[in-house]
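Labels A, B and C are assigned to the chains in the order they are written; within every chain, residues are numbered from 1.
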Amino acid sequence: MRSTWIAEAAAVFAKDWRCELRAKHAIATLGLFAVTSLIVASLALGPVGIDTAERVAFAPVLIWLILLFATAAGLPRAFVHEEETHTATALRLSASPSALFAGKAAYSFSVLAAVEAVVAPLAAALLQIDVARPGLLAGALALGGFGLAVASTLLAAIVAQGRGRTTLFAALAFPVLVPLLALAVALTRAALGAEVAAGILAQLVLYDATVTVAGLMLFPAVWNP
Amino acid sequence: MSANRIEFRGLSRRFGRLAVLARVDGCVASGEVLPVRGRNGSGKSTLLRCLAGLLAPDAGEIVAAEEGRALEGEERRRRIGYVAPDLAFYEELTVGENLGFFSHLRGIPPAVATELLARVDLPAERRAGALSSGMRQRLRWAFALLHRPRLLLLDEPFQNLDGPGEQTARALLAEHLAGGGLAVVASPVLLSLPATLDAIDLDR
Amino acid sequence: MKRHAPWLLWAWLAAVIVAAFYYAPTAQGFSGYDQPPGGDAGHASRILFFHVPMAWVSFLAFVAAGVWSLRYLAGRRDPRQDRAALAAVELGLVFGVLATVTGALWARFMWGAYWNWDPRQTSVLIALLFYAAYLALRAAVEDRATGARLAAAYAVLGLVVAPFLFFVLPRLGFTLHPDAVINTRGKVEVESRMLQVLVASAAGFTALFFWMHSLRRRLLDLAARREEESI
């Protein structure tokens, strides 16, 4: 009997969540980091009293910067932890690479979605913004978070096999993620009521599709010796 | 031509300027044990990692077949059974959950894992992080045999095992060989195993 | 013939330099930020004969690095292809930095500031960061084979993401900054003698890249061989 691809990916996803819920490595740290930095930034801005248009322009940048740093701080664990504790060997012997990649990316995405679910409403509340298009905001967070999760899963797998992993992750991830962040910021801005160029949604979808395909194709080369 | 077989020619692997393996040859077939001997640092583990597909050799060729079917690349890695000190498990999960996860990946019914755990005498409820080193070694054996591999790569297979533990491991190996399986066994000391071929001596 | 090729290259590039200063006219229609519009860029515009080819070679080097990396991963993991990719990245970085610096000088003349966050400048800067990260990655992995594999995967990822950097980002930049100063560039008729020099220069720089690449590649091959024989 052979396990199906989906079942394998689901097993990886479930295993990661189970370990996470027992040890609470990422969620607690990430949530705390996100909320703290959001409050600090809002507090620093609050008394200055910038006007609504400026807040709408600024809030998306703040949200996505926090998500980027939360990603850099927490998600490399996806593979770094496996390599550091040597569980990667057993995983290499047992899992098909592409299913493993899909499971890990899904796990990263779900963690990021949980952080987003806290950060986005909190940012809107703290910066006193009425969200003009909540549906679009959810879409922007979902698409941006997806791209962020997939790209950083591949990068984490690369970084996990080198030295100086956390700093290396930031150096490798930044150039790859710039287009994603620019698009996600623009789309989030649109959701908060600003005028932005047409076609951004489509471009974000295209970016997500591109990194997903590239991730599935490149991951075996990264993971297999 | 034997149904199960591993043959390798001219295997070389270097780490930076250090050549750990230099043109190593060997061949092992159904029911046989190929011992690999050598001092610490002589490349025993490196050789087994190459054979397992966990490390790419710089040069050389590896041919593996299971029940007459050639195992290529990734399939070789997923089909062999591997017991080695660098094999670790998820410390947050119990022994049962660990094996359950790997069974799930391989599409193996959970009963197989339960049976193996009973055989190596491990408590399924114990967290893997709370196992003694001998118990970890038993778990490695259970992990390696989960998918009934015909090709076993054993790196210091009896380390940390107590008397009964080693007896169980030897019995499992004997059954494996009797069923037509083969094994490559790396150890710095003589292990007196059945059906043993001439050893590959990495010190020379 | 092969022995004389570098000399031909030097002669060609020397001719391009002379032509850039004495054959090609100065750019009409380009005027500095502190000059009245419709003027003459004067000698400042001659930097373009070097800036554009260097930017082109940098781009060529990065594409070549991506292609060699892809061939490394898809093929039999031939270390020579990996070294070719590495040499291309190194040269691409050198030419990219030169293109950025000459571009900044031109930007200072045209728009009054060395750096304008012009989308093209931004995307080139990010591309340079990408390949600097490529080198950092190689330095961070001890094992040669592992480093080559990871770096190749990263280079291919770069090749895939690059279109977003070069096509999507600039459009976003324009729309976010509708009054972008770069629009003053508009359409300029390229005088035919200028075009001749530009094309000749681009050809010369392309040949220069391949020559330097073959040198660097041979050096890397020799270093690898010395390492293998030093046991």
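Criterion: a residue touches a chain if its C-beta (ideal position, glycine included) is under 8 Å from a C-beta of that chain, and two chains touch if they have at least 3 such contacts.
Please read all numbers here as calculations on a predicted model, not as lab measurements.
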| item | value |
| --- | --- |
| Relative to chain B, chain with the most remote C-alpha centre | C |
| Two chains sharing the most C-beta contacts | A-C |
| By mean Cα position, the chain sitting nearest the middle | A |
| Separation of chain B from chain C, taking each centre as the mean of its C-alpha atoms, in whole Å | 50 |
| Computed distance of Cα centres, chain C from chain A, in Å | 32 |
| Between chain B and chain A, distance of the C-alpha-averaged centres to the nearest whole Å | 37 |
| Residue numbers of chain C (touch at least two other chains) | 142, 145 |
| Chain A, residues touching no fewer than two other chains | 225 |
| For chain B, residues contacting two or more additional chains | 56 |
| Parts of chain C lying in touch with chain A, wherever the complex brings them together | 73, 126-127, 129-130, 132-133, 136-137, 140-142, 145-147, 149-150, 152-154, 156-158, 160-161, 164-165, 168-169, 171-172, 175-176 |
| Partner chain A, residues of chain B touching it in the complex | 52-56, 73-74, 77-78, 80, 82, 84, 86-93, 97, 101-102, 104-109, 143 |
| In the complex, chain A residues that touch chain B | 1-4, 7-8, 11-12, 15, 18-19, 22-23, 85-87, 89-90, 92-97, 220, 224-225 |
| Residue ranges of chain A in contact with chain C within the complex | 154, 158, 161-164, 168, 171-172, 174-176, 178-180, 182-183, 186, 196-197, 200, 203, 207, 210-211, 214, 218, 221-222, 225 |
| Residue numbers on chain B that touch chain C, as the complex places them | 14-19, 22, 56, 58 |
